[in-house]
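Chain lettering (A, B, C and D) follows the sequence in which the chains are written, and residue indices restart at 1 in each chain.
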């Protein structure tokens, strides 16, 4: 099997086969990429897990003030963001499917939409942050609206959880933008290379995290 | 002080049993270490390269059964040690009969100790021998750890928590008191003394203490100076619950729950009055969080406790 | 980067009908679009159940259960867990199992503390602390 | 199990030395740029060797300062803040920049592809990124040190670290956070390589135990480091942005910080010791010329330690106000996790039985490991039983316990591995007598330093004390004397190994006649590790004839 060295060596017009020199064949490389990313996702689950553990402990210790504080979040923007992220999850999954079938234009279009939706999510998030600050809903503000101390716990968790999620969103958008640009220049073969698939997996994971953050931060404490 | 110590004097009930466990563990560990180091040494000499020792085939049982054997043996031994060591803790679960409460507050780089009779000490703790003392531990800033090596006991003092430590001194003498949890620059200067006196010497010591008023009278003064009397005293027009005879009994709350008025309830009502509003009253009481330090809170609680319990003891009995 | 992709996105849009038709024909959207519809439905359900005073303190549990169902859908269909190697599934599961270890043993401490639940932590009076400004990086 | 022909490594063809045409990985290109942008796992291993040695000597210098300070009861060498910053530096640098990375990233990076007959790790560029992340993290830690240090102890307990310490806590936390990514990157690389790049014919139970040890370590790295990352993030956000999740004023619980911190930090001590166990198995089997005793038991013991290691963190918090029932649960689980370690020690000892033992330097280090790790492990049982821990917690007994495991166990194993594979890494032999002297000096200096600390702990000397009452001085003097000897013993390898790079005897392909694919290529190996495909047919530890193919 001819092994064309992977990075940089521009083959002829055709995009180079994406086989790295130290792998025996393409299936081994794809398996390695998938496994590598899934292991990284397991670490991400545990990274957010620490926050969920803190939320769980404090919700059990101070149920009253904790959920009272949870009722203060902007549920409308939160729900809009959930819808945006679900849609971008769909377009990302379709992009991966299209890449698998080497459909160049479809991949470009779908990744483009995914990026736009991601930017819309971050814009809505920014506006929500501005509203929160306007309502003094951060623990160190002198006129924090809620009186019970545990309310500050919830709002500390709120800022850290949504902040970290936004960071992961920004990284995901960066990856999509780079892939979009490289795909436009056609310098990697869509079906052989696992880039789009890996980016799709990471994006679906960021989507997953929001599916859990949304009930914890926005739907909690809303009953009746 | 100068002589070389390897084992500290056993000055408390716990010290005896802990040292027993310690000795057991030392014996077992040294046996295992000698076994392993001995075998490694013997094999190293006997089977060194070129030695004449016979190196025939290993017997069949040698491989798998031996493996299973020492796995079960170590597992059984370790679980047995655990059970033996844990047995001492189950005894702790039994609540003490009559324990005198001593309040100790850890503060950056000193221990402030208050006896129920109002005597105050800094970095010193005088105790009668043979009695059970319940140390109620709080911290005003960071985590400290109340550690008396001669009693073989320590208990971390965490801000936001009231932790308890039961000590039962059995030998008179002066023993070291350390802070064992790193708490900042002068962590190593946070050293004190625990003086265990005989009953009579302890009574003398109590009497010669400067006539510091006891906790409840100090609480009374705070009750007036901080304005609590303005609402909760008999003659005031403001609708606030009277506190006589409240302590210890059930308190019906506005949201239908009933709680027992214990230390924690009193403390919560002072710091977060809107948390458990008494049934039939408006939540108008201001929060005192920040206005009272730890010692004053303890004094106020003692005063409200001294306003008489609705249950067994007669009115005004010292706790 | 995003401005440029927006412009390119917009360019792609105006010739949307011509190129998209060619790009999309043959790409069956099926499993993804139905899954997406199910996800939106579940999200709406979760929202409604959260706003109604049906479950009281359990409402958070219900919305988390629905979130778990949505997560399962995303995992299976969008992240192709069905076709993944067993070791990939195992690593995903490992993340969740280790999370339960963290939650379980941490709660084993909080649920068994002496005194009524949550009483072990009282908000102390404002403790003396270093001023905000002095705390450097 | 097919009847694998027993064929001990024959010596003749070995003496020929490297006669290969292709330049080996060291001489391939000399420019600094080729080293700084290499994706060759062997060169990255050497880059890690340089950076971890650098951090080892920073941590070591801090240790010498501590021992000199404690020579006298009064705190007269350093101010109390100075002492607090020195012991924190010793903790942070030793834990995160030496102990955690050293064997997986130095020996693991170099040897895993060789032992698997592969050309490189699964993700070579990620491997280089891992080294750079480690360096950037280390840079932050050194910057924090130079800018004035951090005085919270390596455990960063709140609320001292968040509300009361005004030293460079956030800077150090960022440094450790970044080095956490380096650990995760190494972990991902190792696991994917072991899963996807094993040679045909090498099943899971025919891999060397060093590969198993690195695999088990990578599992722990991946499942524990993220929780450290989130704890440090919360620490930084509480200090800088006031988002007080552990702030007692908001009703937050400092004990929750301890739960999350120790959820990482106890598995972290298994990250540090498991690779050492892998190295010791390779060394003991080679110099005793015996198959490892109970190969499957050793594998299951490694995996059992890796998994149960996540259930035991509460034994650090018996005195912290944790509920008694949780303490007893953690105490029980801590006794259970000690069983696999005991099994491994018995298996090493049984491996020596009926062997042809020779005493090269790495064998001395390995036998030292077995003895000292046994003592370290057993003193762990003292601290796992609650009543004894109520006395011994946060005293010098704990300091002695973890130094017996970390220094007596891990560092000895690292030196054993370094000497054992030195010919393969550099193509040179180290001076045997000097190495043996260093090994024995280290063993003696170590015991003199840390055994007195057991007694200090028993008579109640608390940890992290800048000045202490004078009844403890006798033992501190002994310990400080031992520390001087230990420091000297650590400097010796630096000199004679450096000396061997130029004047050392040329090492052949397999100077120890060891088994393992890494010994089938030249030393130092060529850029792509193997000129011809390595012969994987031999059994994994075929040092002595197997009695009959039936048994394991």
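In the analysis below, a contact is a pair of C-beta atoms (placed from the backbone, for glycine too) under 8 Å apart; a residue touches a chain by one contact, two chains touch by 3 or more.
Please read all numbers here as calculations on a predicted model, not as lab measurements.
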Return the chain pair with more inter-chain C-beta contacts, choosing between A-B and A-D. A-D
For chain A and chain B, what's the span in angstrom between their mean Cα positions? 47
Round to the nearest whole Å and give the separation of the Cα centres of chain C and chain D. 36
Chain A and chain C: spacing of chain centres that average the CA atoms, whole Å: 9
The positions of chain A in contact with two or more other chains are 31, 35, 39, 42-44, 46, 49-50, 53, 57, 61-62, 140, 149-150
Can you tell me which residues of chain D touch two or more of the remaining chains? 159, 163-164, 195, 223, 227, 242, 248-253, 255-256, 259-260, 321, 324
Touching two or more other chains in chain C are residues 87, 94-95, 98, 102, 106, 110, 120-121, 123-124, 126-127, 129, 132
Chain contact graph: line, ring, star, complete or other? complete
Would you pull the chain A residues touching chain D in the complex into a rising list? 21-23, 28, 31-32, 35-36, 39-40, 42-44, 46-51, 53-54, 57-58, 61-62, 65, 138-140, 149-150, 152-153, 155-157, 159-160, 163-164
Residues of chain A that touch chain C when the two form their complex: 31, 34-35, 38-39, 41-46, 49-50, 52-53, 56-57, 59-63, 67, 79, 82-83, 86-87, 89-90, 92-94, 97-98, 101, 103-106, 108-109, 112-113, 115-116, 119, 140, 149-150, 173-174, 177-178, 180-181, 184, 200-201, 204-205, 207-208, 211-212, 214-216, 219-224
Looking at the complex, which residues from chain B come into contact with chain D? 1-2, 4-8, 14, 17-18, 21-22, 25, 28-29, 32-33, 36-37, 39-40, 43-44, 47-50, 53, 55-58, 60, 63-64, 66-67, 70-71, 74-75, 78-79, 81-82, 84-86, 88-89, 92-93, 108, 141-143, 145, 147, 149-150, 152-156, 158-161, 163, 176, 178-189, 191
Touch list for chain C against partner chain B, complex: 115, 119-129
In the complex with chain B, residue positions of chain A that touch it: 64, 147-149
